[in-house]
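Next come two complexes, and both contain chain A; in the first it sits with chain B, in the second with chain C.
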Partner chain A sequence: MIPQAVLNEWYPVAMIALVGPRPGRQTQLLGSDIAVFLEDGQIVVQGAKGQRLAVTLRYGHVWACPGTPAHDLFPIPEADQPGRRLVDCGVVRVKCSPLRAVENFLDIAHFPFVHTDVLGAEPHTEVGRYEVQIREDSDEVWATKVHFYQPQAAKSAAGGIVTEYMYRVAAPTAAVLYKTCPNQPDAWDVIGIFVQPLTEEFCEVWPWMALFDDTTPQADLIQFQQMIFLQDRSILENQIPRLLPLDPGKEIPTQADLTSIAYRRWLKRKGLTYGAQMVAA
Partner chain B sequence: MKLYDYVLSASCYKVRLLAALMGVKLELEAVDFHPGQAHKSAAFRAINPAGTLPVLVDGDLVLSESTAMLVYLAQASGKIWLGDATPASAAKVQNWLAFSARLGASLGMARLHDMLLYPGDIEAFRRTGVECLRELESHLTEARFAGRIFLVGDSPTIADIACFPNVALAPDGGVSLDDYPSIRLWSRAVRALPRFIEMPGIHRLHELKPTPEAVPPLESL
Partner chain C sequence: MSGMWVANGLSQDLPLGVVMAGAWQGAELAIWRSASGRLSAWNDRCPHRGMRLSHGFVRGETLSCIYHGWAYGTDGACSKIPAHPAMVPPAAIKAEVYQCVEAEGVIWVAPAGSDVDLPDLSGLAAVRSVTVQAGLAEVAHALPGFVCEGAVWRGQLDGAAVALVVQDRGALVRIHALGTGDRVKVSRWLDGMMRLAEQGVLA
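After this line comes the complex of A and B, so read on.
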């Protein structure tokens, strides 16, 4: 039985630009079959029993709510900021819990080992202290003042820089990061990871970006992001236990895991347990 | 020399890898294969009517088969990668280049299915992939008994480079390499080659770095 709180959230189910007429994109959401297609110029998300799901079109993607939406889809004000390039990066399927895909996105400590010489490099492996809070007004998890040395922080970065990050969990399976923009030091590059929970142990991931970068060809921007995410994929598929543990068990978190701890606490408090393991491992 | 490239393509990686190992500089042009399907566009088909990646362009020469690119790079810049010049050795290399196409059609397709949602019979892809792995394991085990590590002769050739990517990426398509110790050793030997480059899903050999300094005893911390 899927908790009502889970059903009442928004989930990405397709890239707007790729939605075609029936049968359209036949996929799954929370273990149920759905179809995403165009009908009379409108994008429709249809459940297995023919019912129509609530739909929001935003950030290049189709978002659906299988229950009754508890709130509007989270805002990303930067998406409407003039001068930003919005880049849809396509979908990648991963055999892991949707929550683990989000948690990995929030983690910095793995950069030197998984994204070697790109987002991190030995011996610069230390994650300095940063701040984490669950913001009551927006009901989101935020990590701020995260600093990390990166050999090639972005496609547009010419050499190594210390990058500052902010991380934000905006929905149970969607997170957004803000990072130093190599082209425009007073602005942030914005990268989202939108995770579609197919089942508790299977997901499809839609990276999305809103960047200040007028020069890099679109294909290079997309491939940079896909390279990063595909480096994560083989790690994610090997994480054990497959479900994300929400209760303290065998895992011993460190200082660098503050964001993950807050994310897990937030999920537990809100009852967003789809893809989570509730019994101590 | 220009390579029309996609970072997640095993075939594109074959060419990038051999060029890196030989110290040949390639100009890379990223093609939006996924999600843009730019390789199917009219503009791209004007370069390669087959609408496939990679494509290697060197002056008037346009190649659209990755194994042909390996042959070209090796003939032009490093004949040692072709194996010794005996008829048998040259033919064995060709045999493995053809075998690499079977790897692409089985393990490669399983990976594209599982990762980028390509349609197809995943069980058939995996089954034929495992058949290929068993053949490869058998050959590499015989080679080990004879004191060799690579596919043909005593040194790495384009045969290894052609077969390595889709084998090393097999877990991306849900096919484990745990059962193939000779393949794992061979993979390690390829990854240990000087100037080796990785791609997403193929990790470099962190474990071959110098041993880190000894960890101080707990009581001294």
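After this line comes the complex of A and C, so read on.
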């Protein structure tokens, strides 16, 4: 039985630009077959029994809710800001819990080891103190004042810099990060990952970006993000247990894991347990 | 069978500074050799966030996890957390350690605290390891005249002693071969035995 709280959330199920007529995109959501297709100029998400799911089109993606939407899809105001370039980065299939994929996105301590010489490099491995809160007004997890040394923080970054980050969990399987922008010091680059929970142990990850960058060719931007997520995949498919433990159990978090701790606590509090392991193991 | 020794390869196949995946019964292991040659076998799960330690990297006398670089010494204790370089890791952060020894060129693993004796392979020399795409029954069938003592099958090849240390992995079998005679001859004979066992699966 999937908890009602899980069913009433929004999940990404397709890239808008790629949706075609029937049979369209045959995929899964929370373990059930769905189809995403165009009908009379409208995008439809249809369940296995022929039922139509609630749909929202935002941030380049099709979002569906298998239950009764508990709220509107989360806002990303930067998506409407003039001058930003919105980039859909395609999809990476990962054999892991959708929650593990989000947790990994919120993690910085792995940069020097998994994204070596790109997002991090030894000996610059220290994760300083940062702030984490579960914001009651928006019901989101936020991490702010995160600083990290990066050899090549973005496609447009030439050399090493200290990058500042903010992280935000906006939905159970969607997170957004804000990072200082090499081309515009007073603005933030915005990168989202929208994770489609196919099953509890299998997901598709859709990276998405809203950048101030007019010069880097689209193909290079996409290739850069794809490379990063493929590196992450080698980790995500090899974590034990496969489901995300909401209680630490055998795991030992440190101060650098504060965002992960808050994310797990938030999921538990809201009963968003699809892809989670409830028994400590 | 609770504390038995399980063979996990030949010494010659695990060079200095290398980590590999292994198994003890159902438990998955990371088995590694430090720069100075010390062997260790641990549960293949990093105490931090569960990454497989067999994907990690060896530096000197430590094995580091590939995810966040936590380093563990040969006793399994965490010696470094790169995200907090100034912090001395608490003693509680420790990999789950198995016993790991090598004798006559075979790497053996048993749970900590087990006091079962190692199979006696003295006088034999390691030849090579092979993976047979067959079950234990087909392998047994391909070894007429061999006597099974636990994980070790003993027999003769042209008058010279041969011992096969067998690691049952379900759909396949790992065999670590030792012998007293001509290594090339033992190796060729192994190829034939493998073919026979794998044909047995098809038959």
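Just so it is clear, the second predicted complex is superposed on the first by the 281 of 281 C-alpha atoms of A that agree within 3 Å, B and C clash if a C-alpha of one lies under 4 Å from a C-alpha of the other, contacts with A are read in each partner's own complex, and residues count from 1 in each chain.
The rule is short, and it goes like this: a residue touches a chain if its C-beta (ideal position, glycine included) is under 8 Å from a C-beta of that chain, and two chains touch if they have at least 3 such contacts.
All values reported here derive from a predicted model rather than from experimental measurement.
Between chain B (first) and chain C (second), which does A:L246 come into contact with in this model arrangement: first, second, both, or neither?
After superposition on chain A, A:L246 lies in contact with neither partner.
Determine, under the contact definition given at the top, whether A:V169 touches first (chain B), second (chain C), both, or neither.
neither
A:E126 contacts which: chain B (first), chain C (second), both, neither?
Only chain C; A:E126 stays clear of chain B.
Check the residue A:F113 against both partner chains and state whether it touches chain B (first), chain C (second), both, or neither.
Both: A:F113 reaches chain B and chain C.
May I ask you to decide whether A:G90 touches chain B, chain C, both, or neither, giving the answer as first, second, both or neither?
first
On the A-aligned overlay, A:I222 touches which partner chain: chain B = first, chain C = second, or both, or neither?
Only chain B; A:I222 stays clear of chain C.
Contacts for A:L258 in the overlay, against chain B (first) and chain C (second): which applies, first, second, both or neither?
neither
Contacts for A:R233 in the overlay, against chain B (first) and chain C (second): which applies, first, second, both or neither?
First partner only.
Once the two structures are fitted together, what part of chain A is touched by chain B and by chain C alike?
The answer is residues 113, 234 of chain A.
Of all residues in chain C, which touch chain A in the complex?
Spelled out, the residues of chain C in touch with chain A are 28, 44-45, 47-52, 55, 64-69, 81-85, 87, 92-93.
Inside the complex, what are the residues of chain A that reach chain C?
Listed in rising order, the residues are 107, 109-110, 112-114, 122-123, 125-127, 234-235, 238-241, 250-257, 260.
Which of the residues in chain B come into contact with chain A in the complex?
It comes out as residues 6-8, 30-32, 34-36, 38, 114-117, 171-172, 174, 199-201, 203-204, 206.
In the complex, go through chain A and note every residue touching chain B.
Within the complex, chain A touches chain B at residues 15, 17-18, 88-93, 95, 113, 116, 204, 217-220, 222-224, 226-231, 233-234, 237.
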